[in-house]
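In structure tokens below, several structures.
Both complexes below contain chain A, partnered by chain B and then by chain C.
Right after this comes the complex of A and B.
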């Protein structure tokens, strides 16, 4: 990194801080002393840390300089016109426009608390920031969040399927929004959450969501994230999930949009027999950068974790996978597995993969693997020799490559959303 | 009619085909026999359009179309089918999806309406039954975990579904036991007719007991060195290539 971009990054941090100084009275919960304190502490942390740069090991492969150059302002007023929304897939849908809950566009369950964080900040003192770690982007979010989803599923409840839709409006200036989502599943509860993020193709914006997810004992959360931001947009997302004994947190993330995306997932298995499946697919075309970074913390015995990530890169694009599995001394009989594979469709594409195992327990089954390759010419010829045109044949092989990562998504609504986002991807990139 | 004239081709700078002249009239089945390394597989790949082979001279036309100028998928659409010596495994691609995509691609090329999933299943099940294959072959990934015999039967199933007018069988008999060999031969014989021709490439005479050719050609050193009737295959089997070609 050269001095110029480094100073641009620090001036961007300065711009975010200045915005916080100007806004702090007007942000939601401004009159709650504990929240004012939390935001001030986050601002102090962010002021010291700045926007992450490539000298930090965790950010070696992802350069935020383009964000520094964009000069974001905050979305203070809701967009005048409601953006066009895709049809609802599930019975319930929480819609966020520029990071703020749009009640008039949403259909919410009534059986349990589920709605706007800004409207329900009272009573979240013990939860806000409880699971998220001190990371610069989390601090940025804490400092400036305006809204988010507040969901509290009682013990034993069947939450069904809820869609979350994040839409960026057609803003004329670059905007940034930092929604904070607090999701809690009581013991034995279950929920499928399908989140889609969208934005206009030409708009420059930053979507910086933070999820704090608490999965109670024996509870199951299936969290499907479909990132289809506009090609000039940026998404930096951080998910923190804490799973109690016998609970399961499943995360599937598709990165298909955005000019630059960082999808960072931290999951902690805190009680015996907790489980976590993290799967994902990244499809990046010309000019895109897709980064998935996972951290799996095995802190209790007899827990299992599975990770399968597939990255497909076309044109001049870059993919990153960093995955760390930490097995603490208490986490005996851990069963951990991680696989990441990349398919390069162009000579200009680049993948960086960094798997890491850190193991302190002695009775552990833990493995990881990585592969990088191009499309198999023999397979391609076989399909073409059966009359299938070259581009269609390539698309079939790309879909086939994704199968192992995608097959973990079993909810039919999520499958449909996923299919819509991935089918035809190669044909569009090749066109 | 397939017409090959003075065809020469090389791979990695090494000349493999050194001037092939061959005509297969419509409605006839011709066998090409030859020892290992004589250029049999190269000929089948060059005719079906695999990359990596440099055509250095000559021509190959099919019903007047310049085969060598066409993409592999165009050749398939025009009725040319290659049954692979080593069918390729496609993990993650379901056999039914693959077969239907191929059938519809070829139908589209020929200006015929596409078949929907139901029509396709009906069609495929009938062909599968005729080939004494099990229905679950449709549910598996293409050739993944198939035995050698299953792979070859899957090739014949593809041929039956795509209804080519020129089938090139590249050592389809290799790795087959006698029962599978009969089934495969029956599949080819079922297609025999005035509009179907085939080039059966084989190392051994055995397959030709079941698919009786109109003509037999001996390929050695990248050239057709001898041609004759079906009796030539028996002669080769009895005497060996070196003696017959001498």
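Right after this comes the complex of A and C.
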């Protein structure tokens, strides 16, 4: 990074900080002393750290300079008219417009607490920030969040399927929003959460969500994230999940939209026999940058983790996968597996991969694999010899490449949302 | 059964005792004043009677080094090094340069004999020519005349500076520039000796070339510089070995090795690194900060690195290949063992620039005791490297629950037709494997030795024969006391 962009980055950090100074009294929970303190601490941390730059090892492949140059502000007023929403798929839907909960557009379950974080901040002192680590983007979120989903599923409850919809409104100037989602599953509870993020094609905006997810003993959360932000938008998301004994956290993330996306997932397996599955697909076309960074912390014995990530790159695009598995000394008999594969469809695409194992326990079985390559000419030839046109054959092979990552999504509603998001991708990008 | 018998013998030999190279040779030495400054750089250059350009080159490196910061990204921990608290030049004080082996101080020759290095030309074993480097200077090189007949130059780099200045000037720093990294930069300023090899066009070197490095004096750093040039169509196999006395203090070894392979040339570079690793409590041992890089400049050239890293308290080493010529080939085969408190952060860089370049990486890491072992590697494919191919395999073996094994591979691909594959596994020695061996009458330690040798076989088979035997013994010794 040259001096110019780095000063631009720090001035952006300065702009966010200045907005915090101006807004701090008016942000939700401004009168709660503990929250005011939390926000002030986050601001101090963010002021010291600044926006991440490429000299930081975890950011060596993703440059936030385009964000630094955009000059974002908050959406101070709600969009005049409600944005067009896709039809409801699940029985419940929580809608967020520019990071704020839109009650009138949402249908919420009544059997358990689930709603706006801004409205329920009072009881969250022990939870807010408890799972998130000290990371610059998390601090930015803590400093400026206005709302988010607050969900508390009691022990043993069956939460069903909830859709989460995050929509960016048409705004005339670049807006930034930083929703904070607190999700807790009591022991033995189960829930499927399908989150879709959307935005207008031409608007420049920053969506910087942070999830703090607590999965109780024996509980199961299936978290499907479908990122379809507008092609001029930015998404920097951080998920922190803590899984207790026997619990399972499944994360599937599709990155299809946005000019630049960073999808960072931190999962900690804290009790014996906890499990985590992280799967994902990244489809990046001309001008897009897609980054998935995962961190799996095996802190207890007898846990298992599985990761499968597939990246398909077309046009002048860049894909990044960084995945670290940490096996602590206590985590004996860990079974960890990670695979990431990338398909380069264009001469101008670039893929950077950094799988990483850090292991301090001896009785473990850990492996990772990575492959990078083009479509197999022999397979193409095979299909064409059977009368399938070249473009269609390519599309088939791309789809086949993705199957391994996508097949982990078993919920039919999620499958439908996923199919809709990926349909015709190849045809659009190849054109 | 041959393998079992061999291993039994190996393990038997291992039981003779720990680090048997830990003796110290008592010999009159000449030192530069302690510390590091511009005068020391001048002193070294003057001692070696170097031409003006080389002194300038050193001083430029020193000026750069002063502005650089010690790298902290490697997964190794050590107290801050005081660069002023060491001698940067130490040499046996023999006024005249020995013309032949007969003139070399017999005490020195005895040292190398004790280390098992064939110093007498008549005792040639499989025909190995040896350059012996003792602290800062090369003390002898065998078979020079025999090699000269083929037009091969094999001598110490100090001699090369005197006798072949044009070659040294052309190639020195052309693969690892002065400012490449902190330790290479320090080396550029204060390097003292090392080997120089030049293989002329079309010549296949008739014997293995070898350098044996020995740190002997207290509080010294060893900064050797090796330069190997293989002209078009030539072939050379080079071996490197190293040991040091057992001491409580940490000594530094910061070497730079540069390889240049032209069209159709092949360089095979093998290392058995056995610097003193420190004692069981982690006291003492060598800090091994080494920059090794080969440039495959010519089409169809090939550079192959094989390393067995068993010694050193800290190993920081990434032998790399720049695959510039079309169809050139880079290989990296590595075994790294860390026992007790040893730390190793080692791996390779394969940089694909030419078309249809290929690289293979096979890394085997073994951690025991409280050892920390990291594989760190980069495979980079440039947009023009169409048809490039890489395969990487990293396997780690953990023995005991106090050690760590880490894998950090980087893949950066900007070429759609390139194919890059990486796989890594981590495991421990399976109970059923141990049980199988034990039920056939092997002791626990023998069984582990056997299994570890099997685990490393893919790499060991790349070593020249006589080195492979030594390496197998070393593996067993390094793991001593790690099971039970």
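Everything that follows uses one rule, which is that the second predicted complex is superposed on the first by the 431 of 431 C-alpha atoms of A that agree within 3 Å, B and C clash if a C-alpha of one lies under 4 Å from a C-alpha of the other, contacts with A are read in each partner's own complex, and residues count from 1 in each chain.
Methods note: a residue touches a chain if its C-beta (ideal position, glycine included) is under 8 Å from a C-beta of that chain, and two chains touch if they have at least 3 such contacts.
As the structure is a prediction and not an experimental result, all values here were calculated from the model.
**Student:** Mind telling me which of the two, chain B or chain C, contacts the most residues of chain A?
**Tutor:** Counting residues of chain A touched by each partner, the higher count goes to C.
**Student:** With both complexes superposed on chain A, which partner does A:378 reach: first (chain B), second (chain C), both or neither?
**Tutor:** first
**Student:** Should A:400 be classified as contacting the first partner (chain B), the second (chain C), both, or neither?
**Tutor:** The answer is first: A:400 touches chain B but not chain C.
**Student:** Pick one for A:387: touches chain B only (first), chain C only (second), both, or neither.
**Tutor:** The answer is first: A:387 touches chain B but not chain C.
**Student:** Figure out whether A:335 sits in contact with chain B (first) or chain C (second), or with both, or with neither.
**Tutor:** A:335 sits against neither chain B nor chain C.
**Student:** Touch check for A:411: first (chain B), second (chain C), both, or neither?
**Tutor:** Neither partner.
**Student:** Within their complex, state which residues of chain B touch chain A.
**Tutor:** It is residues 48-52, 71-73, 75-77, 81-82, 84, 87-88, 90-93, 98, 101-102, 105-106, 109, 158, 162 of chain B that touch chain A.
**Student:** Which of the residues in chain C end up touching chain A in this complex?
**Tutor:** Against chain A, the touching part of chain C is residues 73, 383, 396, 398-428.
**Student:** Chain C touches which residues of chain A in the complex?
**Tutor:** Residue positions touching the partner: 57, 329, 332, 342, 344-347, 349-374.
**Student:** What residues on chain A touch chain B, complex-wise?
**Tutor:** Those residues of chain A that touch chain B are 377-379, 381-390, 392-393, 396-397, 399-404.
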